[in-house]
Structures are given as C-alpha cells and as structure tokens.
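In the two complexes below, chain A is the common chain; its partner is chain B in one and chain C in the other.
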Partner chain A sequence: MTNNPFPLSRDELLTAYRTMRTIRDFEERLHVEFAKGDIPGFVHLYAGEEACATGIMMHLTDIDRIASTHRGHGHCIAKGVDVHEMMGEIYGKVTGCCRGKGGSMHIADLSKGMMGANGILGAGAPLICGAGLAAKFRGDGGVGLTFFGDGAANQGTVLESMNLAAIWNLPVIFVVENNGYAESTSVEYATAVDSYVDRAAGFGLPGVTVDGTDFFAVYEAAGEIIKRAREGGGPALLECKTVRFFGHFEGDAQTYKAKGENDHNRAHRDCLKLFGARVTAAGVVSEADLALIDREVAALIDDAVETAKGAPLPGARDLTTDVYVAY
Partner chain B sequence: MARMISYKQAINEALDLEMRRDPTVILLGEDIVGGAGAPGEMDAWGGVLGVTKGLHAKHGNRLMDTPLSESAYIGAAIGAAACGMRPVAELMFLDFMGVCFDQIFNQAAKFKYMFGGKAKTPVVIRAMVGAGFRAAAQHSQMLTPLFTHIPGLKVVCPSNAYDAKGLLIQAIRDDDPVIFCEHKALYGSEADVPEESYAIPFGEANIVRDGRDVTLVGYGLTVPRALTAADTLARSGVSAEVIDLRTLSPIDWDTVIESVENTGRLVVIDEANPRCSIATDVAAYVAQNAFGALKAAPQMVTAPHTPVPFSPVLEDLYIPSADAIVAAVHKTTGPVKSAA
Partner chain C sequence: MTSSTPPKVGIIANPISARDIRRVVASANSVQVADRANIVLRALAALAACGIEEVVMMPERGGIATHVLRGMERSNAQGEARFPRLTHLAMPVTGTVDDTRRAARMMREAGDIAAIIVLGGDGTHRAVVAECGQVPIAGISTGTNNAFPEHREPTITGLATGLAAMGQVPAALAFAANKLIEVRIDGGPPDIALVDVALVTDRFVGARALWRAETFRELYVAFADPEVIGMAAIAGLIEPVTRREPGGLALTLAPAATAPMVVHAPIAPGLVTPVGVESWRRMPSGTVFSPDIAAGSVALDGERELFFDGHQEVTITLQDAAFRTVDVAAVMAFAAREKLLLRHAAPTTHPAPPRAALLAGA
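== the complex of A and B ==
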C-alpha cells in the first residue's frame, strides 16, 4: 500500500479530480457549442479556476450555502448541481434547473445550498450574510460562502457585508477569485491595495491568499477557515489567485491580455495538470485512474449536451408562471 | 367594545403577535432597538419614530440593530428569507431604497421566476413613506410606483390602524417579498382595532364610503383626504364613493371597475409624482376596461412633477388636498352640476 502524503483519501482525490475535470470539460464544450450559435445569451466560462471551487466545496455539505457569480458553472458543479439540468438551462430548455427562465447567469439549486449564480456583481455578499444569519438562528452549524472576482471585490455591497458579518460574527466566508481581470480591466489598475487580505483586515477579518491553481493550497486554507466559521469563530476572507483560460464572456477577443498569456497559463498554471502530476508522482493515483475518469466525464458531457439539444423548449404559458407564490 | 389604538401601535402589535406565533420571524433595521453597544439603555428608541418600541424586551435578540449599511442588511434579510426565515427589515425611510435597490428588485423580486419557481423569499421590507413632516426631498417621497412596476414584489400601503395591523400580519405570513409602506403622517391616527390576530388578504380594496355619482380611488393618506372631500361634496349634493386600494400590487381592479360602472366618474388620488404613477395606472385601466361606463374623462389628483419641498407652505401645496379632490370631481360633473 502506497503511503498517502495528502490530506485526502485516495477516493477523495479521485472525487476532486472528477469534479475539476467535469467543470473543465463542461466549459471547454460550451466554448465549442457557443461558437456554433446554438446557445442563447451570455456565457462566462470558469475554465482555469476549477481548483478554487473544488478545493473549497469539498468541505461543504447541502446545509452550507453558497452565493455564486455570473461565472458560476464551476461553483454549481462543485456544489453538486446536476450537470444535465445545468446544460438544459444553458440551452434554454424546460428541462433546465430553472425551467429555462434563468440561463447561465442564474443557475440555482437551493436543495443543494446553491443560492444562485448572479448577474449583479457583488450582490451575493449581502445574501450570504442572510444565509449565515439563518444558520446562526437555527444553530445547525451551516456556513455560507460568497464568491466574487477581483472586480466585484470593489463593490460597496461586498465591503458593507464584510463589516456586517464581522460585527454579527456570522459563519460567512468571502472568497475572492482573483483571475487578474475585471472584465478587461486589470486588478493592478482597479484595486488600490496589493492584497485583498489587507482589505479584509480593515474590517477586522482574518484572511489568507493562496495559489488558486494549486488544489491542495486551496483545500487546506479553505478547510481551516470553514472549520473556524462552523465552530463560531466568525467570518474570514480567502483570496485565490487564479487564471481565466477564456475571455470575460464567449466572444471576447481578449486583446487586452499579453501575447501568449493563455498558452502560458495552459502550459504552466493548469490546475488539472498540476493536480494530476502531484497525485501520480506520489503513487496514490495512477495515470490510468485519471484516464478512466477523463473518459467517463467526456461521456457525461456528451450526453448532457445531446440531451439538452433534444430537450423540449418552454411553452408560452411558462412566460407568466412562477412570478409569485400567490398573487 | 371599541379599543382605539394608533396606526403605530397597530404595527407594533402585528409584529409582536407574529413573533410570538412564528419563531422564524426576526426584525432587522437601523435603531429598531436603539442603543446597541451604547453605555445607556437598550431599547432607547424602538425605531426612529418608536414603532418597534418594547419589542426587544419581549423578543430579545430576534430584533437586531444594524449598521448604516442598507445594501448589506436588506440583502441579508432577503438572503435569510431564501434560507427559511421570515425577516421583517425596516428601511426607515423608503427614500433610502436608492442605496439598496439592487437587493430588492434584482434579487428578492426575481428569485422565484429566475430560479424556475423553486425559490421562496418571504421577506417584508417596512418603510415610512409620504410627505407632511417637513422632512424635505429625501425623506418624504411616495415611491410606490417604482415598486409596483417590478414583477415579483407586492406593495402595501394602509390608510388606517385596523388595516395596518391586518395587512402587516398578512405580509409576514405571505411567501412573496412585500414592500410595506407606512405613511408617517398616519402614525398617530387611531381606529378600533381588535386585540386578536387577523390577516387582511392582499388584492381586496375596501369601499370606505358608498356613493352614486363619482368614484374616488386612493391609498394611504389620500384616503382620509378623499373622505374629507366626500363630506364637502355631499353638502353640494354630490355622492362620492371612496375606495381604499390597500394593496397596490396586487391591485383590486374588479372593485374599481364595478364602482365606476355604477358612478360613471373616476377621480384617482395619488401622493406620488404624476408620471407613470398609481393614478395613471388606475385611470388607464378604467379607460381601457370601462370606457363605455364613463360619463366624463377620468381625473387625477397627484403631487406635482417636483421633488418634495421643505418650506411648510410649499409642502402643503405639494400634497393632494381635499380641495383639489373636490375641484377634480367638479371637472367630471361639470361646473354647475351638483348631482347626477
């Protein structure tokens, strides 16, 4: 039996890889399908950032709530939202998790603690304070995590929420996924401090910055912060420095990036390759184990796309339902 | 036996009763207890005008004073509602919606629809509305039309203490987000209010005075103004029916249409600014659906298209008056005609 140097069991490592691979294939496939013109609206891809969602979400269960962003597919998959229902939603089909009424930017599954992707930057921070407050009143040990990018980190809602979470000692984690770009604007230009941890300190919140392409760094830092919040230790901030393989949205020519930047990131900062190299080098997981998962995930995504393409569209009566519980 | 209590007391009583009935009801807002963390007394204020005074002694930490961060705490109330609580958040003055409107109209109002029917957001946002307090342009507005425009929100504005209690109880039990507008000039007005709990269903207007010649439609402070106008009109032989809409979303079209079909004349009174208001909404609906019953063009009595002024003489001109309502009725009956 090989000695396992990781803080996760072999099964957990395989689960982490499967989750990251599912996110990657989901996004790579959407990139291809979007270009064909079959997918309506705006799509913002998470490829490159998989280790952030996965490393964090492995510490959560369905009683824990997350508030996601417009770049939310990875958060959804890592939180356990059904891939077929997500794909159906992105294609605008009635089989989608929001019956085709939300689309890519509003995927939600409250039964999984996924309170919604959100088209408004920074809007999840106040909402997750409410989730934390509800968990505190119930005393169920649940925690809330709000994800936002380096861009939305400059929204007043995020700053107000850090203060509110701090004074009420809420079990809430603020996760900055810093991919270096707010749409096309660099973090160096738009954010006055060098580290979001410094900003959290201004609200009395502990914080830590990790390499968001290193699954194990994210997993360990998130584990400590989440455990602390769950035990009543209060809110904290986690900054994951990561990379975005695609543009802000599909169709973005990305001319604001350096020449060769995406190629460099794919070659040297690909969280899946880095993870695979670590676990196979340690001999805990084999190349064949990973290849099997790759094949299974590819089949899953194929099936999700084919199913979504063939699924029924919403009917005209769906236009006016679900506005109110009762009216 | 009559038990006269004020509009303000009726709201306090509704909150107390619902907090006793349902442990998921919590209250959040700026100074709703008052004195949090300060060296003096807790419950120092009970809200800026004392509406929640005394509830902290009964319900303790289920009332939470908030920092002056409307986006954060209104959003937190909405988030908690999506996670199984029934928060009642006090926004103090509805004018402050500008600071936190995203959480109300892009979040709370849309969860149910945008998540395919799976979400439920039973939050109540209480706020003071209306002019008359010499509080000027940013603390006096009647912003109800901004909320009725948004699908997913319910909008309530009681005109008297009895309705305030029953409508607030309904608002808290309701599974949709409710904007509960309390007219600050009515806080002291008294009515016979039963001690027991009762809920007034949304979407049921109240005919507060029967009449034959003209239908006066209003809500909030414009209802007592319309009743004063109806007294004046009665002296000149014009019989006015007065309808209190009570809830603006949903709105009780049937009662309005039925009344206009009987009277043939409509005057809508709205303290909001005139464009795209409750007044224009009601006038348009009646014109479209009861045109044949109308004996004269519908009239609207509203605030002017200006911010709310400070100087008392100007503010008094701003708020729709009973005299303006009487004049509008005379436009529908003709200058000399006194009865239909």
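== the complex of A and C ==
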C-alpha cells in the first residue's frame, strides 16, 4: 500500500492545487487591476469557488464540453483555456481568445471544449443539451456540463433543459454553484424548494449536494456522476455549496452580506487552505511543493497581465471579422 | 412524571434531506420538506388523540415549522381542534446538526418531556442520542437508506409515543433499551454509531457514503437484521443479531476477489453488491476492539466521518442499554390487548368500560 490516502496521485494533487491557485491569483489580480480602470466591461470574480471547477474538470478531457456563466474565469482555467489568451480577452486585446471582442463574459475556446462564458443567466443549459445530443450521436463518450448559480437555477431555460436532457437521456450534467446569493438576493428568499436536488427529482434526475469548498467531496461526487453519464446512465445534477469571496461584480458594496461574513469564509471556508492543510498533513505533498507552485503561478499571472496590457486593441478593420460564422 | 404536570412530547425534525451520492451510485431517495411537515402533522394529531396537550419542537428555518403552523391554522379555521399546543424551544438556529444536539440537550434538561419523536436519518438520530440521556426516543425515517429508524406510518409512531408518554402502558413494556457503538481516536471524546461502524481503506471523507465494496475492511454492528439496508445488511445475512439481545458482531472484510466467502448484500437502496468476508465473531458489550488496518476512515452508520493514520489509536466498544426507544410494536400490541383505543358506541350492551377514552370527542 502506498502512503497516499487520496483518490488522486501526488502529481494529480499538485495539478489540482496549481489549477485552484491559478484561478485564485487570476481573480485576486483582476480585483486589483479592475480598480485601476483599464479593463472594459464588467468582471465577476470566482474567488472562493475554485474547488468546484477544479474538482469537476479534473474528470474531463477536451472532447467534453462545458457551458459556463458570467462568473466563468474559473471554469475556463480548469478546462485548460490559456491564461494569457484569457487575460488578453478580458483586456479587450487582439491577443485574446476571441480577439478581444468578447471580454470577460464571452471567453470561449472550442478546442478545449469550452463553449463560452455567458452573460445571459441560464443560457448555458439549452446549449449543453445540444452538445450532449451531439456527443450521444457521435458515440464518442463525451459528456457536457453546464454551470449555473443559485439564482440562474430559477430560470425557465434550466428547467426546460433538465426535462429535455431527461427525456433524451443525454450525457449532460447540471452543476449548481450555490454561493448563497444572486447579486444581492439570498437563496433562501428566492428559491421555493429547499434544495435544487429536489427540483431535479421532479424531472427524474438524481442529484447530489456536496460541500463545494471541499475539493475531495466535489471530486468524488463529480467522478461518479460523470462516469455514469459517459456510460449512458443519463443526466444528473450536482449542487456545490460554496462561497464567493468578493462582491457580485467589482465595485459591489456587499451591504447584503452579514458583518464579517467574508472574513469568516476566508478564514474557515477557503478551499485552497483546506486542501493545502489536508495534503500536507497526510505527508503526500510538502509545504515547499505548494510554495513552489505559488511562486510559479504568481509569475504566470504577472506575465499574463503585462502581456495583455502591452498588446494592441482591435482596430476598425477588425470590426467585421470573426463575428459571424458561415455554415 | 408527576401528576401535576401533564407530560409533554418533544419533536426534533431535521429539515435537511440527505442528498448524498447514494442518489447516483444507488437509487436512494428522501422525503422533501413539505412531506416532512405533513409527517409532523400526522404525529401531532396522533399525540393529541392520546391526550398529549403540549408538544415542544426544535426550531428550524428549513420550512417545516412554516408548513406545520399553516396546517394547524387551516384545521383550526375549519373548527377541527385535533392538534396539541405547539411551542418551539428558545434557541438560536444555525442550520447545522448542532441544532439537533442542542435541542435534544434542552429537552433532556427540561425534565417534563416524556419522549422525543425524531424525524430524520441515521445521522439525526445519532445526534439526538448523543444528548438525550434517558429520555426515550421514537424514530421516524425520512429516507430510503436509514438502518436505525424503523419504517412505518408516522401516525402509528405518534400513537405509540402518546400512549407511552401518558403512562397508559407500563414503562417496562413501552420503552426498550438499545445498544450503541463508541469509536475513539487517541482516547478522545467518543463518536457514536447506532447501527454500524465500518472501517474502509479510503483515507478521506469525500462524498461520505460507502459504495465501493473493495475498500471495506472491518465492520462492527450493534444489530444486524437481514431485512435492513446498508452496511449492517452484510452482517445480517451472515449472522443476524437483534436490536434487543446483548452484544453485536465484528466482521473482517476483504475484496471479494480474494475473500474466502462472498455475501451479496444490499448496502444501499437498489445496490446489491458482492462483499468479501474473511471472518466474524461476537462483539460483547464493554470489550474494546482495536482495528487491524493501520490507516483508513471510519464510517458511522454508513457515512465516512473520520479518518485516521498509522500513528493514531482507534478503539471500538459496544455498549448495551445505552439509550431508550419507544417500542412501538410492543405498545401497539398492548393497546390492542388492553383495548386502550376502544370505545363503545352503546355502553349498555357492553358492560366493560374502555381502559382509556382516547378518541376525539370521548
């Protein structure tokens, strides 16, 4: 028996940590940079929710598709989208993955199976049913996952898609990232059932709720759900109960949160701290291993920001390119 | 119970349904909040029919209280006074299992609660048992994968609890003693299991439930009914142990491929799995068992709760007569025998008066 108590190898654990750290640093840095006023449009930061994207995406490859949200940076990074291209896109530069025409809420990279962030709540759900149907016809074992928040979960599109996925038995997984708020509205106020799992049950879909700040809980539950979908077992719902460290958007005064809520979450519900403590206590990974990753990621994010800042904006000539697709 | 204070009954209803991985790896389901409230209403009506005047509930914000109060209001508006007075414990609501523990403790300390009806799964029952002392509990299962609470219509559980609480049934018959299993790591405070303790090779808690039989190594059961679902089923199909007899069973498990014996056990709803068994022996009360596996995790009543490493000492001990439950079957049999719920329309034709006039309008 090896000394590793986890369902992942040492290398996989380090990869998980690197992904979560990359998302965290990316978001913390954007928080600082956005305040300087150089970034066009809105950004919605994913800090606090890293274990959800990472625990899920570690089970996927490029043939699997995801449809993301307005809070999509973490999904992109975990799905393998290039951090430099993402940063370029957020700065609206030609080096961005969509040539700077989309910005934060339209980052997409089809080569990675990342079908796009989305400014319309609940819009990813019908899209992923299409991707799921395609995977089913191709028979390539690919699965589709759509992410949505506790607020977007109440959109009709999400419910219609659950129905469609159920009747067509699509390899589609509905992931609710329940961070307790939709903008400033609490989930207790806005959602009539006491769990999204109960709602999925109404469509005959099994659902699972996990602690979204516990990487291992997300990883294990997602693994079973994804395996089941790949094998033809059909759609399911995964609810990750998580926390958002920042405001809804950058500049949000967060008056709707309890006093000290963010500090409490950063102290006790930080998925990176929890993960780091667990893997180092087990002796599989050392503090030094993690510190090295921290340094490498910090350098990567620095470089991505500097490169994006230095890159050119699209010009008038680019106005009509890459906008429409001809079939 | 003094005659001056009429007995009260406590209700602890966990509003959070289990939504763990067993919905995917097996076909488990659980009872949703509106149905939980409906169960409480049925139990309340049964308690009132037995003469219980006041019921004390654990407060929660999951929606049960709202549904229950609405149901009582409707029935009162229609002139059907068929519920006892309902009060809620004065305590903060955290929305976690701490509420259950605190409520059970407060009900024990109150001194006038004759019994507690518990609505939830094995985990909720475990939390109540940890704090309720000698106050008897009556369990109502709210899911398919519970081994401790018996599965039956809550109205009957309510009737039996009401009759027992009112002193209509001799205590020796109404209340049964139950076993539990204590687990300690490095001599720390005990964690308890009401049905089974399983040791598995996973050294992480993860999605909590157990379903990969190849990771099972040791199993300790307080009782093992061949009709039960979950880990205890493994023991129940080998050597049944009743809830009432002293002692339990300790089993050594192994991957099915290498074990000398394989039992096909329903370890979760809809999941009948081959489980390798090496050996088993009786587990007498008070004997300290130390596991053979050096590291892994401890599952209490089927859910991974703790993990331990090679340098930690785990001890597992069964206790007889650790807490009391309402013996619903015994109470209802007594009620039938003694005609506790029988009332004759025309007393002249039947000279013997009923032992208790319990039905509404009596």
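The working rule: the second predicted complex is superposed on the first by the 321 of 327 C-alpha atoms of A that agree within 3 Å, B and C clash if a C-alpha of one lies under 4 Å from a C-alpha of the other, contacts with A are read in each partner's own complex, and residues count from 1 in each chain.
Just so it is clear, a residue touches a chain if its C-beta (ideal position, glycine included) is under 8 Å from a C-beta of that chain, and two chains touch if they have at least 3 such contacts.
Please read all numbers here as calculations on a predicted model, not as lab measurements.
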Exercise for the section: Check chain A with both chain B and chain C modelled on it and let me know: fit or clash. Expected result: fit
Problem - Partner chain(s) touched by A:Ala298 [first = chain B, second = chain C, both, neither] - result: neither
Exercise for the section: Name the contact category of A:Ala311: first (chain B only), second (chain C only), both, or neither. Expected result: neither
Practice task
Using the touch definition from the top, say if A:Leu110 reaches chain B (first), chain C (second), both or neither.
Solution key: first
Fill in the blank from the handout: Of the two partners chain B and chain C, more of chain A gets touched by chain B
Problem - First (chain B), second (chain C), both or neither touched by A:Ala190 - result: neither
Practice task
Would you sort A:Leu274 into first (chain B), second (chain C), both or neither based on which partner it touches?
Solution key: neither
Exercise for the section: Please state the minimum Cα-Cα separation between chain B and chain C in the superposed model, rounded to the nearest whole Å. Expected result: 24
Exercise for the section: Residue by residue on chain A, keep only those touching chain B in one complex and chain C in the other, then list them. Expected result: none
Problem - Residues of chain A that touch chain C when the two form their complex - result: 1, 5-7, 188, 193-195, 197-198, 201, 206-210, 214, 216-217, 219-221, 224-225, 228, 236, 239, 278, 282
Completion exercise
The answer for chain A against chain B in the complex is residues 65, 67, 96-102, 106, 108-111, 115-116, 118-120, 123, 125-131, 133-135, 137-138, 144, 156-157, 160-161, 163-164, 167-168, 321-327
Fill in the blank from the handout: The answer for chain B against chain A in the complex is residues 24, 26, 64, 66-67, 69, 71-85, 87, 102-103, 106-107, 111-120, 151-152, 154, 174-176, 203, 250
Exercise for the section: Provide the residue numbers of chain C that touch chain A in the complex, in ascending order. Expected result: 15-17, 19-21, 23-25, 27, 29, 32-33, 61-63, 201-208, 295, 307, 309
